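Take a look at the structures listed below.
Look at the two complexes coming up: subunit A is in both, with subunit B in one and subunit C in the other.
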Partner chain A sequence: MSLVAKLYNNVLRRSSTYALAIVTGAFFFERGFDMATEHLYSEINKGKLWKDIKHNYAPAE
Partner chain B sequence: MAGVAGKFVKSGLLRVQSNGIIQQSHLSTLRELSVGKKAGLVVVGSLIGGAAGLAYTLDQSVKASGLDLHAPHFPWSHNGMFSSLDHASIRRGYEVYKQVCSACHSMKYLAYRNLIDVSHTEEEAKEEAASIQVTDGPNEEGLMFQRPGKLSDRFPSPYPNEEAARNANNGALPPDLTYITAARHGGEDYLFSLLTGYTDPPGGITLRDGLYYNPYFPGGAIGMAQALYNELIEYSDGTPATASQMAKDVATFLKWAAEPEHDDRKKMALKALMLFSFLISVSYYWKRHKWSVLKTRKIVYKPKSE
Partner chain C sequence: MLSFVARSANVSSATVAATQTVANGTKALCPAVSIQIERTLVPPAPQKLTTNSLTASLPKTPIRAAASLGGAIQVRFAHTDIQVPDFSAYRRSSVKDSTADTRSSAASRQGFSYLIVGSGAVGGAYAAKSLVGEFVSSMSASADVLALAKIEVKLNDIPEGKNVTFKWRGKPLFIRHRTAAEIDAESNVDLSSLRDPQLDSDRAQRPEWLVLLGVCTHLGCVPIANSGDFGGYYCPCHGSHYDASGRIRKGPAPLNLEIPIHTFVDENTLVVG
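Then we have the complex of A and B:
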């Protein structure tokens, strides 16, 4: 059984498991996407953000 | 026989007709309009275009674009589409505001808590707030009393009301600076140019007492004297405090004050553009997929063969 067929038979075939797959997929996608874009944004703005200068004013936590 | 007839009709449908109308052009609704209606549409279109042009010209004509100098565009580090504000600069700008500008200008919509995790730590913001005295009350005896500031307190205003501010400043009102970059044409470019643009008045212009010449200020005569001079203050991070450095920092600080959502907004733009460009390509593929049946079908008239 190919991977696609396995996926179809076990997950996408029933509405219950399909809905569950959407919800968990959304959760993990959003976490991953947020972390990726946050990382990209702080790379673009390296040295300018508050977290880059915070160590000058606050004792290390 | 039927096969031959079908072939003939099919090839006729596939051939581009001699009058140049291809089948798909029948989908256009404009074709069915009469000449008069088409002419009417053209007239309406040109009227709307003309009215827009007129409105634009009239709007330009009432702008005071005579002798005042427009600020050039400066290469701010937050100019880019995804560029955040320079937070070290915001912090220095706060020092400039506190030690120079706040003598006359209020920032009454900004509270000390707003500084937390932008330019100051929570402890520092508490210290800053505690250095001012706030009137609070009434207490149990019904009296107002003074207490040190808290994080939730707004920045103190130098004057109790507008009349007092005008009275102390030769009749000129120092504007509240909270939203000043949003409230002036040119924003932070204008502020920087204004703060560094003081000159002697050119020949032929005499100013009343208490007015100063600044080519960037509409009208040229401004009630505020030049405020920033080299080495006027000392930055806590050791940056040389030249007049242009202070002007740049305070303009960045005021940009943040007017648009505190600036950094989040640009981060959101980054996320939205990435996600929506993906979704648009998916929906484009989906549309092509769904329409492929309609786009490739051919309707063939097949006469009943004997």
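Then we have the complex of A and C:
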């Protein structure tokens, strides 16, 4: 039995487990998606963000 | 035949000839006649050379079933030269062969469909959650409001026995550095003699520091510190007297002065709010 078939028989087949899988999936997807987009944003704007230029203004600690 | 004659009695005069003709029962009713059946003439199929002749070859009247022993019993308009489209590009590889067992691959095929729908639902749930979060968070207090919600006070600037007034959330805030005599007097007050009974230890987290909202509980005037009959606060508007713990002792005010939420961060720093 393939992986997808196994997944289907155990999770996707019942609406209860399917909905639960969607909710937990959404939780981890949110975390991953937010981190990925945040990383992409700071990569594109490297050198312009406050965390990159902070040392020019704040006294060295 | 008799019955025919009887029934047609009223018209017998007109049918005399007929009755006489069939009076002989041995004879056939009518002589055998060969009937010439008129054959339906079907126009020959036109040669399809122009749009006009093409249209002429199309059926324009309702189709009637016709049957005969020798002839065709059905009219077919479907052309056998039309090929069935090839859908194999859209078929899943496990069911491309029409003789293959579909049941064994059903779980993986349906699982794939459900996975696609499920991942769409995950994305949708994320989008809906962020949308709702965005709208709800737009209703919360903005950063400038939150920045004004707290006040930090350096306590070692306030000498003992002094009352200092700050502005906090648009209201006067009293911070009183109490002397040992005041602490002693307030902690020994009989609770039964108070209008709004409250222990001094419940009102002051640290006995030497009293933090109060400077709003009279009667009608909202600002009391004057270090005055009045009880050495605490006195409201000039209607003459309410508060003691050095901010409790109402005399006058029209019904309640003690309000104590805001405050924490002592360290020995010399107080945060109100």
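FYI, the second predicted complex is superposed on the first by the 54 of 61 C-alpha atoms of A that agree within 3 Å, B and C clash if a C-alpha of one lies under 4 Å from a C-alpha of the other, contacts with A are read in each partner's own complex, and residues count from 1 in each chain.
One rule holds in what follows: a contact is a pair of C-beta atoms (placed from the backbone, for glycine too) under 8 Å apart; a residue touches a chain by one contact, two chains touch by 3 or more.
Given the structure is predicted, the values throughout are model-derived calculations rather than measurements.
Once chain A of one complex is fitted onto chain A of the other, the partner contacts of A:Val23 are limited to subunit C, with no touch recorded for subunit B. Of the two partner chains, subunit B is the only one that A:Ala58 touches; subunit C does not reach it.
When the two complexes are overlaid on their common chain A, residue A:Asn9 makes contact with subunit C while staying clear of subunit B. Look at A:Trp50: by the touch rule set out above, it reaches subunit B but stays clear of subunit C. Once chain A of one complex is fitted onto chain A of the other, the partner contacts of A:Phe33 extend to both subunit B and subunit C. Common to the subunit B-facing and subunit C-facing surfaces of subunit A are residues 33.
On the subunit A side of its complex with subunit C, the touching residues are 1-2, 4-5, 7-9, 12, 18, 21-23, 25-26, 29-30, 33. Touching subunit A in their complex are the following residues of subunit C: 107-108, 110-112, 114-115, 118-119, 121-123, 125-126, 129-130. Across the complex, subunit B is touched by residues 33-34, 37-38, 40-41, 44-45, 48-50, 52-54, 56-58 of subunit A. Touching subunit A in their complex are the following residues of subunit B: 77, 80, 82-88, 91, 117-121, 123-124, 237, 263, 266-267, 270-271, 274-275.
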